[in-house]
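Shown below is the structure under consideration.
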Amino acid sequence: MSLFYMSLLEIILWVILLFAIVCVIRVIKGPTIWDRVLGFSIISSKLVLIIAIFSSMRNTAYLLDLAIIYTLFGFLGEIFLITFLSKNVKERG
Amino acid sequence: MTTTIMSFWLFCNIFVLFQKKLLSMILWLFLSSIIASLGFLFLGSPDVAMAEATASAFVTIIFIVCFENFFGIKNLQNFIEEENSKTRENIFKKIILPAFVVLCTFALFMNFLPQAPQDTYLKNLYILRASTDVGGQNVVGAIYLGYRVYDTIFEALLLLIAVVAVVHLSHFDGVYKKDGKQSEVKNNAISLFTVRIVAPITVLFGIYLIANGAITAGGGFQGGLAVASFFICRFLIFDIYDIPIKKVNKLEDTIFVAVVIMASLMVFHGFFGEIPPNYLPIAQNIYLFIMNLLIGIKVACGFTILLYRYVAIERN
Amino acid sequence: MNSIELISIIVFFLGLYGLLTNRNIVKTIVFASMMEVGIIMFWLSIGFTEGMVAPIVASMFEVDNYQVYISDPLPQALMITAIVIGISITAIKTIMFITLYRKFKTTDWDIAKIKSKEVSKEAIQKG
Amino acid sequence: MENLLHIISNIFIVVGTFFILIGVIAIFKFKDFFSRILSTSKIDTVGAITILSGLAIRHGISWFSAKTILLMILILIINPLKSHTLLRYAVISGHKNKKAKGNKEVAK
Amino acid sequence: MTNQYIENLLFYFVVSPVIIAVILYLSGANRFTRIVALLAQSTLFYFTLQNFLYVSHTNNVISSPVGGYYGFMGIVLVADMLSSMFIMLTAFIFLIATFYSFSANHSPLFWLLKFLWQASLIGIFLSGDFFNIFVLTEIATIVVTVLIMYERKNRNMYDGMIYLVISTIIVNFFVFGVGYLYRMTGTLDISLVSERVRYLYTSDLILPYALIMTFVGLKCALMPMYSWLPKAHGSKGAPSSVSAILSGLHIKSGLYLFLRFSDVFQNGGIDGSQIFLVLGIITALAGVIFAVSQTDIKLMLAYSTIAQVGLILVGLSIGDIDGYNYVGGLFHIANHAIFKACLFLGAGIISHYYHTRESTQIRGVFFEMPAISIAMILALLGIIGTPLFNGSISKYFLMSGTGWDTNIILNIVNLGTIIICIKFSAIFFGKKPNIRKKPLDIMSHGVILLLGVMCFLMGILGIQTINFLFGYSVYVNIAGYTEKAIIFFVSLMAGYVIYKAFLTKEGPAMKWIRTSEMGFRGMCFSMVAFFAFILIAVGFYN
């Protein structure tokens, strides 16, 4: 992984990917199911950033549609997850 | 860069395997398929990334609705334990034997991996001649609407059959519109507010995707899925079940017949093949736009019926 | 034999392992859809080199003159079909599971087998 | 003029990444769920918006910046409200964090 | 027919049933759906006949690229002698089924699914593209799942679920194999791939061969992966015309794919005929053993289908490509379609009339429904291979020129089929039941009688039908034929004695075989084991 001629954007891309991977630990460790959903929403917002930076590196506008789709459908999936989760999980702690 | 994302995806998939609770398994599946769709983007295919992103959201919604209705997450654990304890198998038969068999097959698989170099015969042809033969900038759109439109017809047919199959195989025959379950979002004003904003944006964005399917990434299927998600938001906002499933089904079938006739008229009589392609660029763009539009509407109708079937009727 | 193909083969066999070990029907559906994503990844990893550009005409010639790797458009067109097939088949499996659960009240393959035999025996007696 | 824009956008992006770094640290530092949710609702949104505005500046007036602005608006709406729904339903389903109870005993 | 007209007619063979199906479904349930369906079906049969005659006379292969994109960029539909025969067989069997279910006014959904099933089968037989076969097989699987679960009252959801999940898992193996083939040869078209495969090392082709052959193995219900077939063919929720088509025709698409794909890999230097010979024999023996132990008449027929398919596979992979055994195998495919369709349709009517499928409780069918029982007896004689019947011709060619060991095994399999047919024909005799007489439905009875008579006709004019259907000119030497006839009569006697001695009342071993059934994980194990077996067999011994 030659750091010599990597542009700033590529470094930022690597850094944010690292953060996303670190957030997985929260999803694994999360004591309750709610921490897992929290970790999931953090990772999905990070992935949106990764796509935005990637499309800026490629200098192409249509990749941002994918980022918009990510936010919308990540939100939709999570809303369903949360609403149906709340009904059934009677947490003790 | 792509290999790190892929190993991240593999890591999430391993976690899907070793989850006890079913809901966290579905959460991990949603996470792994979102990262997979990011991986598709890095592999150079935005179309498939969009399709995978929308597909993962839909599959999760279908799983949650089906899964939530039968056994709440809480009593699922003991349900599973009690289920297994009744016919408890010894550890050998349960874990070690399948692990051994899969490992041996994996080793055999690896032993016989083909080493032949990749042959890019069709790839070069497509990249060279796609935009002149079928028109439009998106080569992927040109392939599945121009060269392999025979596949796309059966693709749309498969969606039509899936809807018919879901209606026929469900426990309830006929359509019970009135006694659908109430959606829980109602009592929360703020999330209602968000869904009220997001819904029109998704449908506009879906139409945008359908419209320039041939120019940029996206197309009939992804746009149709986005438009279908509008109807889910509509169910969440107003929690009404007034979608006339029979009429939408009829609309879907008529559009499918229109797709087949359109494809057979324009493409299969060599309209593109024989007449010199550069002679009619306008006709090509119009054809691609109409085909994307028809497939988009058809996919939207199909998936609305599917999800309405689950959300409104299967849940009680 | 690039690394992405290796990873997709591993995921395919993970799904297969999942199928062989668990007895829950919903988990089988989850693992089957996981196998499909593995195969889609395998198809897209054909001839992949780092920094590949999407086969959209605008982007093919935009990147300035150094060597441009254009990704293969055919697997992408096929994999959109495979994804849509995957969704509709998962939907049908889920609805069949719901009906099966309503009749047999179990999520376990082997118990469903036993119960389905009892049902067919009753049907024979009833004639 | 050209590299001035680049410098400004680079600054924005680095600051945004710094925000997100704080967000990630926040997740692991806070012990209970209710304080952890702060990082998704506020810090992530701020970080995302700064990075995206940096990208918008880098591309000047073009389709790219138009879409980034649309994306920014979407993130501004969706992220906090997503965390709010999460928080609300956690509370409804009776998720009380153990730490808070501990503080009450200590306070007593 | 002018050449140009036939050239792009191929595409409409597949799309016209789709359009008819959707229009019938859209027009809703009215009096005309049945009549329109019958008309559409007969015109389709007429055109397939015309196409077959055209191809067999000019005997050139029609390959019409869909959309006029030459250079294999689009999908190419190929209609050579074999696939046109299969299309004609499909249209004929579906015409029979339409006649049969003409009187029972089904809902438009039934007609939609039937025509879509026909479209996907004709698509599989015509298509020259690997990925297209994947899409069409998926459509056929979903349509068959819905048709199996058609009647809401007595459908058993477990069987449908097993069938759907197993078929969708095995298709993943197929897509994997096609991915490797695409990577190595750069194209998806079957004819082009079989051309380009010659320049590859055989060691590279072993993995795609194993992956694709596991898919084909499951489609032909080879031995370890057979237990989905009795669930699908003998399912209670299926209308009897559906299980007739399933057993007569749907299993043949697996055999057709076996022929096509083994040709492709033959060019690449992989010859799996030894493996499939052994597998065919094992499947035939196991199918016979399972069928003998069944009491349900439809399950008996389903397991005997497994045995017959094993026999066909043996025929196809013994001798060289155009030898007598190959012709025997092909002819047995056509015969099997005819007499199995006749038996299943008859069994459908009997089980409907007697309200039960247990062969022990059904007696006196001969006096109750003479027409059907005559036809079924003709078909049963066909299966056994009595001289002057179509079974004997195909079995004669199947066994011609084989070594003494395969001959012994094939005769044992034939003995087994004789025992099954004797056990099956127990329902014809015995006292007359006191069930109220049902109004005679001319359509379905006439159709079954036609099939029975065809079994007999194809026997007498055996050599002419082979020449007409497949274009091979064959010659039956009378000495060999009479020798086969003697062996037949001896095994008939032996079969009767064995049946009377052991099989009248059900022993514990027989009961265990009947009730033993693979669970879902067992089936997954059998898939993985089959895949590993083929990899080892082809990899290390080739």
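Each chain carries a letter (A, B, C, D and E) given by its place in the written order, and its residues are counted from 1.
In the analysis below, a contact is a pair of C-beta atoms (placed from the backbone, for glycine too) under 8 Å apart; a residue touches a chain by one contact, two chains touch by 3 or more.
As the structure is a prediction and not an experimental result, all values here were calculated from the model.
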Topological distance between chain A and chain D, in contact steps: 1
Greatest separation from chain E - chain, by CA centre: D
Innermost chain, where centres are averages of C-alpha coordinates: C
Top chain pair, ranked by how many C-beta pairs fall in contact: B-C
Centre distance in Å when chain A and chain C are each reduced to the mean of their C-alpha atoms: 23
Mean-CA-position distance for chain C and chain B (Å): 11
Centroid distance [mean C-alpha coordinates] between chain D and chain C, Å: 33
Mean-CA-position distance for chain B and chain A (Å): 20
Multi-chain contact residues (two or more partners), chain D: 74, 78, 82, 85, 89
Multi-partner residues of chain C (at least 2 other chains): 16, 20, 23, 29, 46-47, 53-54, 56, 58, 74-75, 78, 81, 85, 88-89, 92, 96-97, 99, 110
For chain E, residues contacting two or more additional chains: 131, 135, 138, 142, 145, 149, 157, 160, 183, 188, 521, 525, 528
Touching residues on chain C, where the partner in the complex is chain E: 12, 16, 19-20, 23, 25, 28-29, 32, 35-36, 39, 42-43, 46-47, 74-75, 78, 81-82, 85, 88-89, 92-93, 96-97, 99-100, 103-104, 109-110, 112-113, 115-117, 119-120, 123-124, 127
Of all residues in chain D, those that touch chain B in their complex: 74, 77-78, 81-82, 84-85, 88-89
Touch list for chain B against partner chain C, complex: 1-3, 6-7, 9-10, 13-14, 16-17, 22, 25-26, 29, 32-33, 36, 39-40, 43-48, 51-52, 55, 58-59, 62-63, 66-67, 69-71, 79-80, 83-84, 86-87, 94-95, 98-99, 101-102, 105-106, 109-110, 113, 115, 118, 120, 122-123, 126-127, 130-131, 137-140, 142-144, 148, 151-152, 155, 158-159, 161-162, 165-166, 169-171, 215-217, 219, 221, 299, 306, 309-310, 314
Of chain D, residues touching chain A in the complex: 10, 13-14, 17, 20-21, 23-24, 27-28, 33, 36-37, 39-40, 44, 47-48, 51-52, 55, 58-59, 62-64, 67-68, 70-71, 74-75, 78-79, 82-83, 85-86, 89-90, 92-98
Chain D-facing residues of chain A, complex: 8-9, 12, 15-16, 19, 22-23, 25-26, 32, 34-35, 37-39, 41-42, 45-46, 48-49, 52-53, 55-56, 59, 61, 64-65, 67-68, 71-72, 75, 78-79, 82-83, 85-87, 89-91, 93
